Structures are given as structure tokens and as C-alpha cells.
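Quick heads-up: structures coming right below.
Shared between the two complexes below is chain A, which pairs with chain B and chain C, respectively.
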Partner chain A sequence: MSFTNLVHAVIDGILTGSVYALMATGLTLIFGVMDIINVAQGVFVILGSYLSYALSVHFGIDPFVGLLITVPTMFLVGIVVERAFIARLKGPEKTAMSILVTYAVSLVIEGVLNMVFTTNPVQINNASYINSSVHLFGMWLPYIYIFGFLLAGGFLGSIYFMLYRTRFGASVRASLADQTAAALVGIDVKKVSTICFGIGIAVTAAGGMIYGATNAFNASSSYDLISRLLTIIVLGGMGSLAGALVAGISMIILEDIVAVAWSPVWSNITFFILLVIVLSFRPQGLFGKQSARVA
Partner chain B sequence: MLTKSRLVWVGLFALLALFPLVVTTPTWTSIIMFALLYMAITTSWNMFSGYSGYVALGAACFFGTGAYTVALLAKHWNVPASGDLFWLIPLGGILAMIVALPIGLIALRVRRHTFVVITIAIFFVFQLSAINASFTGGTAGLQLPFIPWSFQDFNLPFYYLAFAMVVVATLLSAWVRQTRFGLQLMAIRDDEDRALGLGVKVWAVKLSGFVMSAFVIGCAGGLYAIYQGQIYPQFVFNPLFDISVALMAFLGGFGTLAGPLLGAFVLETMQLWLTENYSSGSLYLIIFGALFLIVIIFMPQGVVVYVKDRVTKREDRERSLLAQNEVQIAGGSQ
Partner chain C sequence: MLKSFYSGSLELLASRIDRLPRPSLWLGHRRIATLGGAEVQGNPQGKLLGEIMNRKGKLFRLASVATLGASSLIAVSAAGSSSALAAGTPIKIGISLSLSGDFSADGIAFQQGYQLWAKDINASGGLLGHPVSLDIVSDASDPTQVTANYQKLISQDKVALTFGPYSSLLSLPAAQTVSRYGYALVEGAGGAPSVFAAKLKNLFDVSLPVANALQPFAKWIASLPKSQRPKTASYVTSNDPFTQPQIPVAQKIMKKGGIKTVYSSVFPAETTDYTPIADKVAQANAQVVVLGSVDVPTVAAFMKAFAQMHYNPKVFIASAGPDQGTQFTSAVTVKAANGMLVPSSWYGASANPLSKTMVAHFIALHGGTASQISADVAEAYSVGETIAAAVKATGGFDNAKIIKYLHSGVTIKTVQGNVKFNKLGENFSMTAYTFQWQGSNFVQVNPVKDPNSVKIVYPKPSW
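On to the complex of A and B.
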């Protein structure tokens, strides 16, 4: 493996990894605040991809402009799902039940998507910048990867700004730290949960748009996505925002390096193996709190 | 000791045993055969996950291991295409247990939420290995000897083997509930730290429960391989399988004895019937998902627990009514 290949792998990893980091941030935010593992995150990403696809193909709206419609739509979808199903979960099996409930939600959405869009893979590709590249750092980079990186960075920046610079963000962080204590100091944890779920789903609209522009997808692509997203948040430490960011980017870099150095066939598997190894030594993940061990 | 509930159990099992003798249509014997297979798998899964509260989403690891063991052994030992193939099934179960040991050693180090996700990650290691390795035949899968039985009777041996698996899994699961070991598993489900404090060797109990539950699932995988005559990595290591098993158990009643049997029977029969009659798999996804959401909203603990609660409540009400009447009668005679 030459040095340039390595550099390419790292740059590509940072660009695509940031999109995964964005999707995983939504997932880890939901888990941290609500103790809900949202297995439907993968299918929500694909729903976001299809929304952008439909807008761009049928109405000729540029995918980036279309985000003005799809992001609020997905936010509302998230709120409705939370109110209708997630908020009803209680008791000691809440987290386990949340996996099954969100999975049932994802099955319904997958079925509807298959009926509406058929199972033939599609790709968002009717914008000029999707198929053209720019020569940077001695390599050809497709514009869409760079735009995707900037978009993910923008969204992540806004989320971090919201969390660390606003009053609402303070209540979210308080709920992340300790739900009972947050409720005791007068934070409406229920409302915070609903909004966080909405935000966690809303980011999938942006992630889904980039995913749909860089990959051919159909509804069952959600399985590949959710398995990656889950491993990212577990590796980073469930509920840790920094963990999702670091694990998301390093996962794709690692995959790219293995693909270049060894074989693309085995690159998928390395991340799962890395996860198993890390968790054998640090069961709480890279950035997880030790208390996560206590059920 | 033939109590009323035991009579019901025996009666229902007798019905299942007699079914292929009454309904001889191969389509239907095959549908119920698959339902039985899932009943055995879900019951066995529930014996660990349901009792201990550790929801494992990697049942397909054991199922696939069983299927590949039988397929590979049949190939390398040149087992003739006859009933002899069935002797390989227990080996599939044993290998599944051997595989379960390292999985358990890694996955059981963490508590509930993370455990769920780790089992998913380990599952993907298995699936991707089966797809990429050479001895598994890659995506082309493996071919098994095809048993030249007549079309009409082909399903029967498979049906009764699956039935035997259900009986074994149910008896094992019922027996575990009554042992000290089963109580320890359930203590872990209620409060693991307290169980540890009270002297339960939680680590050993969890690991042995996990490994035990793999046996029947591995056997089921072996039977599936022989029945299909051809296995593909994406079908025997299927993420849908993992979640279906958990859904079936939760739908019927997580941690109960009858729940997984009921949930698996209803869901698997429904799925196969729908695919038989409507070619669209999407419709099944929607119905399956919607049905589950309805059950969660109205009966969060599963159908079996819901019905039981209903019955006890009615009995309580009748008893209190009876008691009231007695009081009134006693008061009236004064």
C-alpha cells in the first residue's frame, strides 16, 4: 500500500464518515436522553433519501434546497412516532421493548416504501455536482462528498451549538446526565424527550439525502445502515455525543484503509471485529460512562 | 397428576401431532412444519433471553451454524441421500453450543442495552464471514443431497422431527423454570446486582443458560438445511430471523412458557399463508409491523400474560361478588 493510497483512504473516510457521524449522533442523542434504542434510524435515513429523491425527480427541486422541506417533515414524523408509540413504553424492559417497537415501525415504513417506490435500487443523481469531481490533494474528489461533509459539519455544529449554548440544550444535557435529577430540578423531561426524538430523526433527512446521492439504495439498504450506526454508537459509548463523532469517522477511515491495504471484501467485517475487541476491554465503549454497566 | 392445564397442553400437542394425518396437503404440512420449527426456536431462545431478561438478537448465529454444520458434514462424509442425514442434526446443535461459548464469553460481559447491540454485531461477523469465506461456498451457498421421497410424503419425517424439537424445547424450558438454576436466571432478570449480592454466580448462570439455549436452535438450522436442500448465507444468517424470534416471544409473552409457542405459531403460519396467497412481501411487512404495534399498545406484556390477567381479574371479581352475597345473606338472616 502506497502512502498516497493511505492519504486518500483517510480523506475519503473523513468526508463520508462525517455523514455517518451525523446519523449516529441522532441515534445516540435519542438513547442518551430516553434510554430508547431506535432501530428504525436506518429506515428513517432511507425515508429521507426517498423524500429527497421524489422531490428532485418529480418536482425538479435541488436536493440541498429540498432539505428545507424534508428536514421539518422528518422532524414531524419523529414527533408523531414518539407520541404514538415510544412514549407508551415503561418499566424495566423499556429499552428492550423499544428495539422491538421501533423495529415494527421500521417494518411498516419498509413495506410502504417497497410498495410506493418498488425494490429497484435508485440514486439521486440529477444534480450537476453529483457526477462531477474536483482535483484536490492530488486526488479527484466528487463534489457531493465535499458538500456532504460541509452539510454534516453544519448540522453537527448546530446541534452542538444548541446543546452547549442554549437553555433548551442545558435541559437536554441535564436529561442526558440523569433523568430523575433533571425532572427534580423542574425540567420537563417528557417534552425534552419528544423534541430530542424529533431532532434525532430530523438529522436523518440530511444524512439520507447525502446517502442517496452517493449510493444506490432501496428500502432494504436500511439493514446495512442500522448495523453500522448501532456499532458506531456502541463503540463510542452509548449516549456519548463525542463518542458518536469519533467512532463514526474512525469507522469509515478504518474500513477504507482495510479496503486499500487488504481487500474490500473483508473491510465490512473489520469494524464489527474491532467493536468486539474494544468491548472486551472497555465494556462501556470508548467514551461511555462507567455507570452504563449498571442496568 | 393430570391437572386441568396439563390436559390442555397434552390436548394441543396431540392436535399438532395428528394434524398431518388429517390434512395431507403438502402446502399445509409444510406451513405447519415451519411453524413448529419456529416454536422450538422461540421457546429455546426464551429459555435464556426470556428468563434472564437478556434480549439476544443473534439466534441466527446458532441457526446458521447448525445449517452449515449439517451441510458441510453431509458433503465431507458423503452421507447418502436418505434418512441417514437426520443423524447429523444433533451435531449441528452441539456445534451451535460450542460456538455459543465464545459468543457468550464476549457478549455477556456487558449489561442489557449494550448486550443487545453486541449480539447484533457478532451476528454480522457471522453473516459476513459466511458470505466471504471459501469453505462456506460464499454467496452461492451449499448444496445438500436431495432425498428422493415421494412428493406427497416428503414433509412427514420433517414434520415429526420438528414436532419432537418443540416437545424437547418445551419440556426443557418447563423443567428449567422449576429448578434452582431457572430461579437464578429469573432473579438476574429482576435485579442482577441483588442476585449477585445474594450469592448467585451470575456469570456462570448466564453463560450456561446462553449455551443451553443454542442447542435446539442449532438443530432447527440443521433440519432446515436438509429440508431446503440448499442453503444460502443471506437466508440462514438473516437479520430478520433474529428479530422475528424476539418479536414472536414478545407477542406471545416474554418469559412465559406458552407465550413463545403461541407467538411463533400465529406469526409463522400467518407469514407463510400470506406469502402463499399474496406474492407481495411488502404487505406482510406492513401487517406484521402493525400487528405488533397494536399488541404493544394494548397488551404490553404479551397475549398470554394479558389473557391470564384478565382471567384472574374476573375470578377475583366473581369471588368478591360471591363474598358480598354471602355477607348480604348473613346480614339478611339476622
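On to the complex of A and C.
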């Protein structure tokens, strides 16, 4: 393996991993605030892909401009799903039940997508930059991956700003730390939870757009996605935003390096070996808190 | 008599099950059995559970014998009784298809093929006067679900015949399951060597055995005049049982023809990020790329990555994906598809009269053009034609007779061409062809001497 190949694999990993990190951020935010394991996150990403696809194919709207429509739409979808199904989950079985409920939601969305768009794979293709690339340092870097990285960075920065520089963010962090204590000091935890669920789903619009522009997809692509996203948040620590970012990027970098240096067959296996090792020493994940897992 | 014995066995089984411990104790037993005997003896509850385990051991053996006996009776009864149907009674055919999950695009195309055949056969009076009714259940592309589905279709829905699911991955467990009930499984997309290695007597694949699918292509490349012949090739394949066996066959022929392998790799079927693999193929800069793919998204990912890397091989063939008609072009665009090659045994513009009729019926029903029809439709349709011929020849729906008939060396005409099975259930009379996208047309280009082949576009136009 040449040095250029290695650098290329690392750069690919950073560019692609940041988009996965963005998708996983929504998942970990929802779990951190609400103790909800949203296994429908994968299908929400695909729903975001289809929305961008529909806007670009039927209305000629650039996929990035289309985010001005798809992000608020997905936020509203998140709010509706939370109010209709998630808010009803209570008691000690809430987390376990959330897996079943969100799985049911994902099946319904998958069925609807199959009916509306059929199972034929599609791809967001009608923007010139999607198939173009720039030649830098002896390697071709696709524009869509660079733009995806910038988009993910922008979204993650905005979420960070919201969490650490706004009053609402303080409420979210208080709810993340201890829901009962947060309620006692006057925070409307239900409202915070609903909005966080909406934000967690809204980011899938951005992740979905990039996913749809880099892969051919249909509704069943969500199965591959959700397994990856869950793995990322387990490695990073469930409920940790920094963990999702670090785990998302490091997972893809490791897989890419192994695929290039050794064999693609070993890339997934190597990652899971690393995951087992990390969890042996830190069962709560890289950035997770022990108490969060106990709760 | 069989029925009364069977229901008596079930009553006996039910009365025994009634005496079994409560579900919570069952759970306790499983836990203790896992942890070992010491824990059973270590507390009073453990002793009680130990007794239950002993009782259950006997009961389980009894239940197993009864279940096995009952299953065999169901099999004998179900597989044999359907030949005595009253005239005009609908005949039920059970099918498990991937209507969701990884193979959903192919599963839906298969469903269209089966439904079209059922519509056509019913329009011509059905099977021996019985209208055909398809009982299709979804397996979500999951081999475990396939097994459960065929068990349900046979034992609960009491279907008379079974058609196969999509893919080699699912066809093997499906065939193993239905063989326990004495049913034939005629399928159109389970041609991997690993499927036939099971040596099941009830399995019949109407399509081309996949191992040799790339042979005509490889022979054509190797036979090109030296000045035109490519010098280098890259081989990259999914580790799926359908596609992986095809690659070494092609590689061997091309190597013999003096074409040097510059890159060879296998990737897991569950890969989602193809970028590093595609980058490596592009960097190897071979003139020929042979991709072992099972679906459209995989081919689309490689095509996109190659375009982004400004890599345009002279020849690019994928083992599956480009044969999926509009599914393929809608994902990659007609422009990018231009020049892409794929091995297959059928295409929409086939001169076969049976195929022409099917294509006309398909277009009347779904619209579009012949090139836009997925090869899956023809594969599924051929399954129906094969079973129809067997039912007609045997004069009924007796699966044992159908299996015997299909193994008799008879040749059956289908939309894909002739079907003739060897003792493993492989269709050894079908010819492998190579097809190419030329503009918006999907055309046969190989074997070169075949009168229906058109001139191959070589080298492939740029992306």
C-alpha cells in the first residue's frame, strides 16, 4: 500500500464518516434526552433521501437548496411521530418498548415509500457537482463528499451552538443529565423531549440528501444504515454527541484503511473486534457515562 | 383414516403439552441448562426445576416423535391429496418473495412475473381446468423467514404447489424446507453452485446455472485480435453465493488469453461504502473490470466512483444489475449505462415467440418498452411455464409425480428458452448470452456468431 493510498483512505474516511456522524447524532441526541432507542432512524434517513430526490427530479430544486424545505419537513415529521407514538411510552419498560414502537414506525414508513416510489433503486443525480471531482495532491476528491463534509460540519456546529450557547440548550443538557432534577427546576422536559426528537429527525434530511447523492437507494437501504448508526453510537457512548462524531469518523477511517491495505472482507470484522475491545474496557463506550447505561 | 390418525395424534400431543410446566419455569430451565447443573442442585427451586427438566425431557421426546409423525402425515396428505380437487376449484400456489429488505427490487419484479404468468394461464383455462391462485408472502430477504413462510404455506395455507423465492441465498433454505413435505420447488433465481451442492431431489432451477454465466464474455475478450485485446483486468466481487463462483471461471479464461490480472478482491455482501474498493480498482487502471454484483445499488456505486475518479475502463461487465431494465437506468441514468455489459439468458427483444407474447402482455399491463423489463420477470414466468408443463404431463398436482417428470430428461419450452434438468435440478440446456446497454436499448452482443447478436460497442463510451 502506497502512502498516497493511505492518505486517500483517511481522507475518504473523514469525508464519509462525518455524514454518518451527523445521522448518528440525531440518534444519540434522542437516546440521551429521552431514553428512546430509535431504530427508525435509518428509514428516516431514507425518507430524507426521497424528499431530496423528489424535489430535485420533479421540481428541479438543487439538493442543497432543497434542504430549506426538507429539514423543516423532517422536523415536523419527528414532532408528529413523537406526539403520536413516543410520548405515550412510560414506565421502566419505556426504552425496551421504544425499540418495538420505532421498529413498527419504520415498517410503516418503508411500506409507504415502497408504494409511492416503488422498490426500484434511485439516485440523486441531477446536479453537475454530484459526479464531478477535484484533483488535489495526486488524488481525485468528489465534490459531493467535500460538500457533504462541510454540510455535516455546519449542522454539527449548529447543534453544538444550540446546546452550549442557548437557553434551550441548557434545558436539553439538564434533561440529558437528570430528567427528574430538570423537571424540579422548572424545565418542561416533555417539551424539550419533543423538540429534541424533532431535531434528531431533522438532521436525517441532511444526512439522507448526501446519502442519496452518493448511493443508489430504495426503502430497504435503511436496514444497512440503522445497523451502522447503532454501532456508531454504541462505540461513541449512547447519549454522547462527541462520541457519535469521533466514532462515526474513526469507524469509516478504520474500515477504509483495512479495505485498502488488507482486504475489504476484513474491514467490518476489524471494526467489530475494535468495538469489542473498547467495550471490554469501557462498557459505556468511548464518551458515554456509566450512569446513563445503568439508568 | 390418515386424517383421523393425524387429528388423534394432535389431541394426544395437546394433552401432553397441557401438563407441561408454566412458561416462567420453561425460561428458568433454559437459563439453568445454560449455566450448568450445579446451579440446579444449589437451591430448592433448582431441585423442582431439575424434576421438571426430567419430566420435560420425556415429554419433549414424545412431543418430537408425535410432531415428526404428524409432519410426515401432513406431508403425505398435503403433497398427495391435491390431485383429487373438484373441477373448477382454484389451485393454490405458495410463494415466498422478498417484497422488502435487500432483494426487494428483484422480489417485486419476480412478483410481476409470477402474477403475469398466473393471469395468462387463467386466461387460457387455468391448470387442468383449475384457476390458479397465488399465495405470496414476504420474507423480507431473510433466509430464516423463508423457512417459516414455506412451512406456513404448506401446513396452514395448504398450497398444492410451491414456486421459489428470489436469490440463491433464499432458494436453498426454501428447497430444504419444502423437501421435508415432499413438495417440488421450481425456482428461477437460485443457480449458485452451493444451491445444487445440497443435492436435493425436489429442486429445479429454470435459469442458467450461474458458474458459467461469464464464459461467453471471457471467451470473446480472449479471442480478440492481439492489437485490440485488452492487456489488463481487475476482478472485484461480492462474497454472495450467486456471484463469487462466476469470477474465477472468467479470470481463468482471460488469463489464458494473456490478460494480466492487476487487481483482485472480494468484498462482504453487507458492504455499504464502496468508495475505498472502487478507488483501489480505479487506481489499478485496468482496461477490463469484471464486477461480481448482485444488485443495482452495488453497480451504481462503482459506476459513480469510477466517474468521479475519471476512470473509464474499455470494458465494464457486472454479473447482475444492468439486466434489471428500468431499475438500472433509473438509478444510473441512460447516459452512464451506455456500454455496460451483463451476462444473462434473456432480454426483452428476444426472438423467442413465447417471450414475444409475454413481453407484449407485460407492456399491455405495465407500460414501458421491452428493454425496460427486468430479466427477473422472465425468470419467474419460466417457473410457471415449467410447472404448467409438468402438471399437464402428469395429469394432476401430485408433487412426487411432478418431481419424477422433471427429472425424466424432458425438454420444456419457456420464455427464456429450453429447460431440461440434470439430476441436480440444473437447467443444462440453456445458453449464456452477454447483453449490453447501447443508448436506451438493451441488446444481445454475445455469442458474436449468434444471428440475434448485434455488434458490441467496444471500447465503452466515456461516462
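Convention: the second predicted complex is superposed on the first by the 292 of 295 C-alpha atoms of A that agree within 3 Å, B and C clash if a C-alpha of one lies under 4 Å from a C-alpha of the other, contacts with A are read in each partner's own complex, and residues count from 1 in each chain.
Following the convention adopted for this analysis, a residue touches a chain if its C-beta (ideal position, glycine included) is under 8 Å from a C-beta of that chain, and two chains touch if they have at least 3 such contacts.
Predicted model, so just to flag it, every value in this text is computed and none were measured.
Superposition of the two structures on chain A shows chain C clashing with chain B. Looking at the shared chain after the overlay, A:Val43 reaches neither chain B nor chain C.
In the superposition on chain A, contact is made by A:Phe272 with chain B only, not with chain C. After overlaying the two complexes on the shared chain, residue contacts for A:Tyr223 are found with chain B and with chain C alike.
In the superposed pair of complexes, A:Val33 makes contact with neither chain B nor chain C. When the shared chain is aligned, no partner comes close enough to touch A:Ala244: not chain B, not chain C.
By the document's definition of touching, of the two partners only chain B reaches A:Thr95; chain C does not.
In the superposed model, A:Phe85 makes contact with chain B only, not with chain C.
In the superposed pair of complexes, A:Glu110 makes contact with chain B and with chain C alike. The superposed model built on chain A shows that, among 188-196, 206-214, 242-250 or 314-322, the segment of chain B colliding with chain C is 206-214.
In the superposition on chain A, the residues of chain A touched by chain B in one structure and by chain C in the other are 110-111, 114, 223, 265, 268.
Taken together, the chain B residues at the contact with chain A in this complex read 53, 55, 57, 106, 109-114, 116-118, 120-122, 124-125, 128-129, 132, 192-193, 239, 243, 246-247, 250, 254, 280-286, 288-290, 292-293, 296-297, 300. Chain C makes touch with chain A in their complex at residues 99-102, 104-105, 107-108, 141, 239, 265-268, 270-273, 275-277, 279-280, 283, 295-297, 300-301, 304-305, 307-310, 326-327, 330-333, 463. Contact residues of chain A toward chain C in the complex are 5, 8-9, 12, 16, 110-111, 114, 118-123, 125, 131-133, 140, 142, 145, 214-221, 223-225, 228, 252, 255-256, 259-260, 263-265, 267-268. Contact residues on chain A toward chain B in their complex (touch as defined above): 31, 35, 37, 85, 88-93, 95-97, 99-101, 103-108, 110-112, 114-115, 223, 227, 230-231, 233-234, 238, 265-266, 268-269, 272-273, 275-276, 279-280, 283-285, 292-295.
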